[in-house]
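The chains carry the letters A, B, C and D, assigned in the order they are written, with residues numbered from 1 in each.
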Amino acid sequence: MGLIELAAAKALASSAVFLFITLLMMAAAKRISTCIVLFSLQSAIMASEILSMAWVGKSAEAYAVAALVIVVKVVAIPCALFRIIKDLKASQDVASSTTGVQSVFIMAALILLSFFAVAPYAVTLRLDEDMLAAAVALLLAGAFLMVSRKKALMQVIGLLVLENGIFVAALTTTYGMPLVIEIGIFFDLLMGVFLMGLFVFRIRDTFEHLDVSKLRRLRG
Amino acid sequence: MTLVLLLLIPFLAAVIVLTCKQSRRAVRVAMTAGAIEVAAIVHAVWRIHTVGVLQSGRYLRADGLTAFFLLSAGLILALVLMYSVGYLRHIPAGRFSSPRWFYSLTFLFVFTIMAVYLSANLGMLWISVESTTLASALLVGFYNTKGAVEAGWKYLVVCTVGIAFALFGTIALYLAAVKSGVDPTSALDWDALMNAAPSLAATSNLVKLSFVFVAVGYGTKIGFVPMHSWLPDAHAEAPTPISAMLSAVLLNCALYALLRFDSITSQAIGSGFSHGLLLIFGCTSVAAAALLMVVQRDLKRLLAYSSIEHVGIVALGIGIGGPLGIMGALLHTFNHSVAKSLMFFTAGYVRDNYGTLRMRRIHGMARSLPWTSVGLTVGSIAIAGLPPFGLFISEFMILTAAFSASRYFIAILLMIALTVVFGALVHHLQRMLAGKRVDLHDRPKLLPADLTVMGICIAILLVLGIHLPRAFANILQQALVVLQ
Amino acid sequence: MNLAIDLMQAFLLIAVAPLVSGVVARCKARVQNRRGASLWRPYAELLKLFCKEDLVPDTASALFRFAPAILFAATVTAAAFIPVLHPAALFGVSGDIIFLVYLLAIGRFFLMLGAMDGGSSFGGMGASREALVSALAEAPLLLALISVAILTHTVSVSGIVTTTLQQNPFHLSAVYAFALGALVLVALAEAGRIPVDNPATHLELTMIHEAMVLEYSGPSLALIEWASAIKLTLIMALLIGLFAPWGMATNASITVLLFAPLLFFFKLVVLAATIAIIECSMAKLRMYLVPDFLGMASALAILAVSFTALMR
Amino acid sequence: MMQIVFNSFFSVLLMLPAVTLLCRRSQRMRSLPSMLLLVALLAGTLVAAVSFWQGNGLALDLSWAVPFPFVITVDRLSALFLLLICAVGAPVTLFSTSYIERHYSAAKADWLWRLLPLFLLSMALVVTASTAFAFLCGWELMTLFTAGLILIDGDSEGRRHNIFIYLLMMHAGAAAVIASFFLFLPHASALDYTSMRAAAAVMPAGLRTAIFLLSFVGFGTKAGVVPFHLWLPKAHPIAPSPVSALMSAVMLKTAIYGFVRFTFDFLGGGPAWWGYLVLLVGAATGLLGILYALTEHDMKRLLAYSSVENIGIIYLALGAALVFMANNAPAWAAAALVAALLHALNHALFKSLLFLGAGAISDVTHTIDIELMGGLLKRMRVTGTLFLIGCCAIIGLPLLNGFVSEWMIFRSFIAASELPGLSCAVILPLMAGVLALIGGIAVAVFAKLYGVAFLGRARSLQAEQATEVQKSMQAAMALLAAACLMIGILPGLVVTPMTVLASELLHSPALPEAALSVTRALPLIAACVAGLIVALASFRRIKRITATWACGLPALTSRMQYSSAAFSKPLRRVFARVYKAERTVDVQYTHQPYFAKSIVYRSVRTTSFEKSLYRPGVDAIVNMAQRLRKLQTGNMQVYLLYIFLALIALLIWMRFA
């Protein structure tokens, strides 16, 4: 049993670092499919962290949440996104407005910024500082991805990363909100992604391209 | 039990309408369901008025504030349904844009709105606000034209991002509550938080952080200026009844959510911080919207910007605080909903008859569409805040509160903005109304239903402008007690 | 007894008016070493005109006929304001300088309308020039009178005269000088004498007053001529009253009553001589230099008023 | 008893639009609305006159109906202005009974009969309101109804632009008025006049100055004081004549009422510089108003500019009153205030008479351009004489009411020399000079107006065939002329209650005797002048009609007469700098070079407040809006960026707030 304790403690401590790594790789990614894979990896890390917390805190609710995360974020959403890419046969290029190197540098800066932002709160609230920093970093990274990437699907992925950030924040600070609320949030997230997929198809039909930055008819 | 009924009726209606094949049957079912829903709302409001607070199960609660907003939502729902009968009969039925889909999505939208008003738990509140976005995104993109799809896409993405920040704010508040000793299971329930609010002062900077995120999050849905960019596109491209619903009901929903948070934070750390933030948003919204209205070219976008301006005024009303300020703000939401829906209905008739909404191409309305121009003129006078109509009363209240709290800068800014708005409205209106008669021979004529809808709106505005009915004043008073 | 003297004063002023214009004409003739017409010629002229026919142009309306009557009535009432022999004139006590100025304005206004009623370009020309002169003359006239009123702390004409009577003639304040200067300039403009308007000629380029009365004939013309003579005398009497009233009969004794008219008439002759000299020594100003002429009068009047406060 | 009549007056004015709806169908009851309105206005005059003379404050509390206190009380000041509204309203209604029927189609006439009573009601409400809410309701409604009345006459491009400027300026003025009302709030418990009076006493000086300046700007805009007079010559001429008569004569006076109520009743005077500001603005308004009137040949624009001039004169008197208050000479302050109120009443009477005259002429000759009129006195004898009485009154000739108020203003200027202060002893008498200059030019303007329009030869066919207007129109004008004569000859009737009003308002002792000496002298001198005129006129003389002397030319044509441009040419040259006129002469020759077919001389005034003051302001707002509009780029990423930047900015603000 000691081994599992050790693994759980280790998972809890080191998951923040893994999250940062996935963010940096996502910043450097050139193709949408790599971003989707990295997103599911991120969710997997998050799920492992919830499992370890559940193991340590012995709460059945946490197990259910972890299962939910795995089903929805690690499996369901990436498959849906892959199917969308296949159906649309759209170009895989990420069409980012900042070059790869710049994106990585910005992402690193955001990670550092999140550490500074979190410092006062972690101390006063006796929280696990690096996980809170990871949450804020995910939040800022999601925002950066949505602002810098032009492709519609990348907007979706950016939003999902941002949602992940918030979820991690909820996770680390209060060991999870009441179950009903968690389920509700997941349901909304799922519906959101589904609708975005629907709209991506609609854009495909009406505009014949997926470059969001070209959607500029409504001005003033 | 009444609260569950309120939620159940629109959900069932959405499902039933989807199943019936001919659009005529769908319209009839929708109308009856609408009527039942409005009746349920009135019954619920009356029950709340007598009982005070209704609680059913762990997640549904309704108090004075809910009653007030339910009333305006019910009224606008009735008006929109009556209007949509005339509106839909000449819309080409596309794959998705048939009356069947339209009404089922609308009732889904009503279901989510009811969920927002009735949720007792801040988490549930967030979930239902997020679901209103999802339900209305399809409605915004209903016509499947280039503009509608673009507007729908932007609406969906921007609002979801905004709402995500609100979630972060809710979580921060939950954390603050848990950290200052509130039992975690009920840490998000509104009553629990209100009772434990004084103890939240210990973690004051976390409460401030949560209110900032919530203000930015729900502010995006309300349409405060830095986060308003989706609003003109969504309101201009949506079908007219839906843009009326968006402007008159959805903005109030988001405002209701923000009010809930504002009352908790002012209980916890005093109203200085939260009202200060609201004043910042109010000033920026009123100033920017007033200026933008001057240079608008499309009628619906003009109305969308006027909604932003009026939401700014409501934010100022609450920001100034004091019994008169908040009462003025609440009354302003009600008056604005009625006036804005009247304006959107007339905009709908204009688009049907002139085929365009570009104001430079609309001439001679007074002679060719007499009744529509009466509606448009009355609407413009109302939203410009001139005496005979209700908005003058609420603006008068807000200005009185501003001056008695000696906030001269805000009051002067508000009055300059109102003058600029008045100038913009008269400038656009007089160009549209005057000119020779345009013969609109084959255009659809006004149904008696349309005339009654406009008549009801004008009547309500006049009544509220002259004399506040006793019952309505009581409901307003009860809502005020909750926010105090 | 006082009412009798006041009425007598008014009639004296009205009666002596044609004589004064006769004296002015005689003095001008003497200065231009001509023998000049007899002093009583204006009376003969008035009598001749009263017996002639009254010609009325076909385009004229009723106003054309009433204008001379209104002009004459207004000027006569104004004449009743001015103390001549005894400081308390008929309306001198109750009426005051503002009333006097505006009474003259009635006459001027109706004369202008009568001129335009004739329907010829001369009437319009005279009226428009008269409008220019009177518009610019009213302000300095009133300001000068006000400055004197402020000094004597009373607004009624008789009041001013009685207070100046009691003052010692030799240490009057500088205000009187400015006021006298302004009033003399304005008087020349009002009476229509040389620098502003040439009463003797019918040349379109120069005439103002004559252009207005071109259409009138017979009794109407007589009334107008008489009224303008009364206006000239009235202004001279006003100047005498305001600036050199000494010698007026303060008590009602007979000997003083006999002596006062002689002294008054002597002053009138002196003033008439000065007007004649001014007329012969200057040529008529070009029409667009009249505003500068009246501008100078206004400047003097403004100085007079501001000095009343400064010198207090 | 008075209370019942007063309530009925208000209710009839309110119900009348409904009546016009009813009787639209039936032809027989066409004149019902006008009769009802006339009766209501006569009742109003009665009530106002009684409460003005006796000073018993009637009150009407409608607070139960409206969310805010809504009380109407008629104290002496309100009674005077209510009397003004009804006394001018009744003849105007009598005039418009036949004018509207002849001039407008049935539909337009009905709309006029609906909006006219509402317009009068809103003015009555403004004047008698004694709570801020009631005042402001009346104030805004007054603007709306006037805009409606003007729109009835037609909505061509030019008219709509003028109405737009009118509405925008009125709204901006109303904003200033609302601000001046609400600035009482921190100190006053409720916004009714009694608590505002109490609050004004305890207020700090800075706040009092702010309220004074705001009310001066707000009511100045409605009154048409110089920098804000832009709308007056644009709105009045395009309104139907009876409406422009009401607007010019009565609506401007509600602004005077508001200003007097604020400065004298609530604030009770202030430091001397308030007075000098009002004097300066009054002088500028008077001079510029009459100078712009000089160049006009459109009769209604000329009368509108002359309204600006008379408002300037009223502000001069108010300025004098303020200076007297500052130098604690309340008796003379009351005298100046009485002069101002009397001139307001007089201006209402003779300006409405002149506008109705203009309406009668336009009804018969279908034009209001005096260059096309001429010889109307011969053809419209009664209207001509009444118009002449109006012109004499507005110039201030002694036998009419204009003279009495101008005399009192002069008298108070002269009285200022007794004051110890050096500056007021110099400035106020000099202002008498300015007033005299304004009066002088006014004589020229109205000599031109009357001479060109009514005398000499007819200049157009319509003027040739002009005939006298209906009896009811003549009766209306005669009523107003009679009122002017009555006040002119027996001023005591109106002046004594005004003196009581002024001393009550300023808590001052009775007026000094010198201020009222004219009211004693006037009847005597009037009798003397009238006697002389009648004697001379009745002198039977042989009269022969001949042709005008034409210097030997075969016959004089109407084009040989002095036109209005020619008449005002000398004075325009003197004040050339005010106009900076741009003169163009284009000559069309026949085939030979020396024989011109037509020579057209056009001189246009280039200086205008609109170009130098208002246009830059509006352009600045529109440019700012254009730049702001560019922020809505259409690109969603930018929108998201706005949200993130807003979030970060607020987080930083939170850190420091």
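We take it that a residue touches a chain if its C-beta (ideal position, glycine included) is under 8 Å from a C-beta of that chain, and two chains touch if they have at least 3 such contacts.
Predicted model only: the values in this text are computed from it and were never measured.
Common neighbours of chain C and chain D (chains touching each): not present.
Ranked by how close its C-alpha mean sits to the mean of all protein C-alpha atoms, the top chain is D. Each chain gets a centre from the mean of its Cα atoms; for chain A and chain B, those two points are 32 Å apart.
Computed centre separation for the pair chain B/chain C is 80 angstrom, with centres defined by C-alpha atoms. Each chain gets one centre point, the mean of its Cα atoms, and the points for chain B and chain D are 45 Å apart. Centre-to-centre separation between chain A and chain D, using Cα means, comes to 71 Å.
Counting partner chains per residue, chain C shows two or more touched chains at no residue at all.
The set of chain B residues that touch two or more partner chains comprises 153-154, 157, 161, 209, 232, 295. Residue positions of chain A touching 2 or more other chains: 143, 146, 155, 212, 215, 217-218, 220.
Applying the touch criterion to all chain pairs gives A-B, A-D, B-D, C-D. Those residues of chain C that touch chain D in the complex are listed here as 53-59, 61-63, 65-66, 68-70, 72-74, 76-77, 80, 91, 94-96, 98-99, 101-103, 105-106, 108-109, 112-113, 116-121, 123-125, 127-129, 131-132, 134-143, 146-147, 149-150, 153, 155-156, 214-215, 218-219, 223, 287-288, 291, 298, 301-302, 305-306, 308-310, 312. Across the complex, chain A meets chain D through its residues 97, 117, 143, 146-148, 150, 155, 212-213, 215-220.
Interface residues of chain D facing chain B in the complex, by the touch rule stated above, are 65-68, 133, 136-137, 140-141, 144, 155-157, 160, 163-164, 167-168, 171-172, 175, 178-179, 182-183, 185-186, 191, 621-622, 624-626, 628-629, 632, 636, 638-640, 642-643, 645-647, 650-651, 653-654, 657. Put simply, chain B touches chain D in their complex at residues 153-154, 157-158, 161-162, 165, 208-209, 212-213, 215-216, 220, 226-227, 229-230, 232, 273, 276-277, 280, 288, 291-292, 294-295, 366, 381, 386-388, 392-393, 396, 399-400, 402-404, 406, 408, 411-412, 415-416, 418-420, 422-423, 426-427, 430-431, 433-434, 466-468, 473. Residue ranges of chain D in contact with chain C, taken from their complex: 375, 377-378, 381, 384, 388, 392, 395-399, 403, 406-407, 410-411, 413-414, 417-418, 422, 425-426, 429-430, 432-434, 436-437, 439-441, 443-444, 447-448, 450-452, 454-457, 514, 517-518, 520-521, 524-525, 528-529, 532-533, 536-537, 539, 541-550, 556, 560-562, 566-571, 573-574.
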